[in-house]
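Once you scroll down, you'll see the structures, which are given as C-alpha cells.
One chain, subunit A, appears in both complexes that follow, with subunit B as partner in the first and subunit C in the second.
Right after this comes the complex of A and B.
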C-alpha cells in the first residue's frame, strides 16, 4: 500500500555504495541505494528510516511541515554570513615585494618599483568606504605585494580606522599578510599596539619553499620571522598559508609535517589559482587531477597525526564539515552562496579602485577590469549597489545556476563568478567543464566517503576540529 | 517540600496545580481536572512569607505551571520580591511558550537566575505526541523552546527514557544538536515507578539494562558536540562505566533510598540511589567493588 506523505526539497548522489541525501540546510543522511526511488514512489515502511526522514526534514506527513518555522530558522542560521554584509576589507597597500615567487598570484613588482603603492589619501578614503559597510565587526587586512615594506602607511590606515571605530562603537580586527622576511621592530610595534594578526605564507620544507620563492635563503628568513612575531605577539597571533606549486604536488607528507613541526595547529591545503603569473602554468587539467591526489594523501597523513594524539586540522575540510555536520554558519569567503565577493569581501587596491575580490584585482593586473566596481572616490552606494554588482548578483547563487542547482553537494560548495569568468570566459560558467567544480566535488565526495566508510575512525577527529 | 521551606534540602518547590495539558503515559504525578489554581496560588503566597533569604534554588512545579497563565507571572513577581537572588527552576512542558509574548512576560518577571526544565520525548513528532498523550504537543513544545531561547532563558532539556523512545535516543541526540543547539544541557532520566508508569507499564516501562547501550550512544553524541549532558535517576551499577561522569545525584533527598545490595557498594556515596517511591526496584542492581 502506498504511504501518504509529502516530499520536501532535497537532492541525492551516490558515494561509496550508498545514497547520500542532502536537504536545504545541509543535513545529510546516508541511506542504502534505492532509497530515493522508494521515497519518491511512496514505498517506505513506517520504520526508523522513515521516522528519521520526517525528523530531518526530508519528507513531511503534513502538507505544511509542523516545524516549518524551525526549518526556516535553521536556513537563516546557515546564511547568517550575509546578515551584516561585507566584513572583510582587503587593502592592497603595494605591489612592491622582496621575494620572487614562481607562482605569484598578485603580480608583484620589485622592491624599488614606482607607482604601485597606495597614497595616504587613498588609504584614508578607503577606510571611510570600509566604515560605510554595516558590519559590526570589520576586518581590515593588509596585503600586497609585501605590505610590511610600508609600515608608516599601515600605521596611518589603522589610526584612521581607530578614530572612526571609537566614534561609532564598532570592532575592527587587523590582519597583516606578510612573508615575514623583513619584519622590522617598527612593524611589530604596530602589530603589538593594535593586536594585528600576522598571516604569513610558508609552502613547506626548506627545499620546496625556497624553490617556490626563487631564493636560497627565504625559508630560513620566514621561519626566523615567524619566531620573532610569535615572541612579540604570542603564538596564536601568527598563522600561515601554503600554496601548492607544481613541485609541491609531489610532497604532501613533507608539507604537513613541516607545519606540524613549526607548531601550527592547522593547515589550509590550497590549490594554485589561475591568476597573475600563476596562469602561465600550462596544464590546468593535469594540475587539478594531481592536486586532488595530493589533497587526499596529505589529508590521510593529517588523520594519522591526529590518531597519534597530535591535534592538527585541515582548514578546507573544516569549512565543508561545519556545513555538513553542524547547524552553524561558516564565515569563510570561498564556498559561499551567495558568493563571498562583495557580500563578504571588498578589495581596495593600491591604484585607488575598489574590486570585488582579491582575484578580481589580479585580473586587473592582466588588463581586465570586469570586476573593478568603482573608484575609492565614488559614492559607496554606486560602488556596492551599482550596475556591475547588480549584474554579478544575478549569477552569484549556486541555488540558481545550471549544474549547481540540482547538485547534492551545493550546500557544501559555493558560487564563484570571478573564477568562472577568468577560466571559462563568462561569469555564469559551465559546470561539466569547470575544473573548480571538479576539484571541489572530488574533495567533498572524498570527505563524505570517509564518513561513510570510516565513520568511527574519522568523525571523532572531525569533531575535535569543529569545536 | 510539603508545608514549609527547608534550606538544607535540594528540593524546595512550589506546587502550583495538578492540571496538565499533556497526559504523558509515564507521568509520575497524574493530572487532575479540579480547578485548584487560585487556592494553591494563595497558599503559595503564604508560604513565600516564610521564605529563607539564602535559599539557593526554588522550583515551580505541577501539573503544568503555565496553565496558571498570568497568575504564573504574578507568582514569579512575588517570588522575586522575597527571593531576589534565588535560582528559579520552572518545570514545564513548554507548550504555552509557543506564545512568544507569554514567554517574554514570564522571562521578564523572572530575570536572571531562571531556568526551565522541559521534557522532549522523541525526535519524531508522532512518537512524542503519543508519549505525551496529546496531539500537537511536539510542535508546540519545540516552538516554546525556541521562544524561551530567544528570551535568553536557560533550558534544561529532559528526556525521560521509556520503552517507546529508547531505541531512537541516538537519533534524538543528533536532532537536539541540529535543531536545539541552544539548550543549556540535556538530562536523560530514568523513570520513577509510580503513577502512570505502573498503570501503563506494559506499554511504557523499560529497564536500564535494556536501554543502556542506546543511552550511552546518545550521551556520547551530545558530549562529543560539546552539549553538556547529564544522566538522572539511574544507579551507577546499571550504567556503562564511561557514562558515570555524566551521572548526577538527582533524586530529591527525601525520596532517596538504597537497596540491601547497596550496603557495601564502593560507589554508594556517588550514586543517585533509588526512588523510595518506586513500586519495584530496577532489575540487575549489583554491588560495585
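Right after this comes the complex of A and C.
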C-alpha cells in the first residue's frame, strides 16, 4: 500500500555507489541507490530512513510542514550574503609590478610604466562609492600590479575611508595584496597603523616559485617579506595564496609541504584563471583534468598531515564543507548564487572605471569592456542598478540556469557569468562543455565521496577546519 | 545510434534536458511520430563512447523524470518557503503596526 506523505523540494545525484539527496538549504543525506524512486512512488516504509527524511525536510507528513518557518529561516541564513550586498571593494591601485609572473592574470606592466596608476582624485571618489554600499562590514582590498609600489596613495585611500568610517560607524577591513618582494617600512607602518591584513602570493618551493615569477631570487625575497610582515604585524595578519601553474601541477605534495614548513595553517589550492597572460595556455581541457588530479593528491597529503597531528586545512574545501555541513553562508564570491559579481564584489580600476569583478577588469585589459559598469564619477545607483547589471542579473543565479537548475550540487556551487563569457563567448554559458563546471563538480563530488566512503577518518578532520 | 522514447512516459521537457546534458558529446536529432520520439545520437568527434550509451541515456531520462515529478509536486510549497524566507518581514506586519 502506498504511504501518504508530501514531497518537499530536493534534488539527487549518485556518488560512490550511493544516492546523495540534497534539500533546498544544502543538507545532504546519503541513502541507498533507488531511494529517490521509492520516495516519489510513495514506497517508503516507516523506518529510520523515513524519519530522517521527515526530520531533514525531504518529505512531510503534513501539507505544510509544521516547522516551515524554521526551514525558511535556515534558507534565509544560507543566502545572508544578499542582505549585505557588496562587501568586498577591490581597488586596483596600479598595474605596475616588480615581478614577471608567467601566468599573470592581471596583465601587469613593468615598474616604470606610465598611465597605469590610479589618481588621488579617483581614489577619493572610489572610497565615496564604496561607502554607498549598504554592507555592514566593508572590506577595502588593494590590488595590482603591485600596490605596495604606491604607499602614499594607499595611505591616502585608507585615510579617506577612516574619515568616512568615523562618521558612518561601520567596520572597515583593509587588505593589501602584495607579492612581499619589496615591503618597505613605510608600507608596514601603514599596515600596522590601520591593521591592514597582508595577502601574499607564494606558489610553492623555491624552484617552482622562481620559475613562475620569471626571476631567480623571488622566493628568497617573498619568504623574507613574509617574515618581515609577520614580525611587524603578527602571524595572523599575513596569509598567502598559491596559483597552480602548468609546472605546479606536477608538485602537489611539495607545495603543501612548503606552506606547512613556513608555518601557514591552511592553503587554497587555486587553479589558473583564463585571464591575462594565463589565457595563452594552449590546452585548458588538459589543464583542468590535471588540476583535478593535482587537487586530489594535494588533498590526500593534507589529510595525512592532519592524521599526524598537524592542523592544516584546504580553503576551497572549507568553503564547500561550510555550505554542506553548517547552517551558515560563506562570503566567497566565486561560489555564490546569485553570483558574487556586484552582489559581493566591485572593482575600482586604476583607469577610473568600475568593474563587476576582478576578472572583469582583467578582460578589460584585453580590450573587452563588457563588464565595465560605469565611471567612478557616475552616480552609485547608475553603476550598480544600471541596465548593464540588470541584464547580467537575469543570468546570475544557478537556480535558473540550464544544466545548473537540475544539478544536485548547485547549493554548493555558484554562477559565474564573467567566466562563462570569457571562456564560452556568452554570459549564460553551456554547462556540459564548461571546464569550470567540470572542475567544481569533480572537486565537490570528491569531497562528498570522502564523506561517504571514509566518514570516520575525514569528518573529524573537517570539523576541526570548520571551527 | 537511435533510441525510441514513448512520449506518454517521458515529456518533452525531460527529453530536452537529457539531450542538453549530452550535448558536449553528441549531436542529437529528434523526430516525433505519433507518441513515439526517435532520437538519433551522433558522436560529435565521430567516436561512439565505450559505455552503454542507451542504458546511460535511459537512466538520465528517468532521473530527469523523477526531478520533474519532485518539481511539480513541490512548486507551491517552494514558493511559500521562498516567500517566507525572503519577503520583507515588515510587509507581513502592516496590520500589526497599524
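Please note the rule applied: the second predicted complex is superposed on the first by the 467 of 467 C-alpha atoms of A that agree within 3 Å, B and C clash if a C-alpha of one lies under 4 Å from a C-alpha of the other, contacts with A are read in each partner's own complex, and residues count from 1 in each chain.
The criterion applied here is as follows: contacts are C-beta pairs under 8 Å (C-beta built on N, C-alpha and C of every residue); 3 or more make two chains touch, one makes a residue touch a chain.
Please read all numbers here as calculations on a predicted model, not as lab measurements.
Engineer: Following the superposition defined at the top, how do subunit B and subunit C come out on subunit A, clash or fit?
Structural biologist: fit
Engineer: First (subunit B), second (subunit C), both or neither: which does A:463 touch?
Structural biologist: Touch partner of A:463: subunit B, not subunit C.
Engineer: Look at the residues of subunit A and decide whether subunit B or subunit C touches more of them.
Structural biologist: More residues of subunit A are touched by C.
Engineer: Once chain A of both complexes is superposed, is A:70 in touch with subunit B (first), subunit C (second), both, or neither?
Structural biologist: first
Engineer: Using the touch definition from the top, say if A:334 reaches subunit B (first), subunit C (second), both or neither.
Structural biologist: After superposition on chain A, A:334 lies in contact with neither partner.
Engineer: Using the superposition on chain A described above, determine whether A:54 touches subunit B (first), subunit C (second), both, or neither.
Structural biologist: Touch partner of A:54: subunit B, not subunit C.
Engineer: Once the two structures are placed together by chain A, how many degrees is the angle at subunit A between subunit B and subunit C, based on Cα centres and rounded to a multiple of 10?
Structural biologist: About 80 degrees between subunit B and subunit C, seen from subunit A.
Engineer: Applying the document's definition of touch, where does A:314 land relative to subunit B and subunit C: first, second, both, or neither?
Structural biologist: A:314 sits against neither subunit B nor subunit C.
Engineer: If you stack the two complexes on chain A, which partner ends up touching A:351: first (subunit B), second (subunit C), both, or neither?
Structural biologist: It touches nothing on subunit B or subunit C.
Engineer: With the two complexes superposed on chain A, say which partner A:9 touches: subunit B (first), subunit C (second), both, or neither.
Structural biologist: Once the two structures are laid over each other on A, A:9 reaches subunit C alone.
Engineer: With both complexes overlaid on chain A, does A:416 touch subunit B (first), subunit C (second), both or neither?
Structural biologist: Neither partner.
Engineer: Just to confirm the geometry: in the superposition, how small does the C-alpha gap between subunit B and subunit C get, in angstrom?
Structural biologist: Nearest C-alpha pair, subunit B versus subunit C: 11 Å apart.
Engineer: Same subunit A residues contacting subunit B and subunit C, which ones?
Structural biologist: Looking at subunit A, the two contact sets intersect at 69, 73.
Engineer: If we count contacts the way the header does, which residues on subunit A are in touch with subunit C in the complex?
Structural biologist: These residues of subunit A touch subunit C: 6-12, 24, 36-37, 40, 60, 63-65, 68-69, 71-73, 75-76, 79, 402-403, 406, 430, 432-433.
Engineer: Under the touch definition given earlier, write down the residues of subunit C that touch subunit A in their complex.
Structural biologist: Those residues of subunit C that touch subunit A are 17, 20-25, 62-64, 66-67, 69-71, 73-74, 77-78, 80-82, 84-86.
Engineer: Can you list the residues on subunit B that touch subunit A in the complex?
Structural biologist: Those residues of subunit B that touch subunit A are 123-127, 136, 138-139, 142-143, 146, 167-168, 171, 175, 177-179, 181, 224-226.
Engineer: Considering only the defined contacts, which subunit A positions touch subunit B in the complex?
Structural biologist: Of all residues in subunit A, those touching subunit B are 27, 48, 51-52, 54-56, 61, 66-67, 69-70, 73-74, 326-328, 460, 463, 467.
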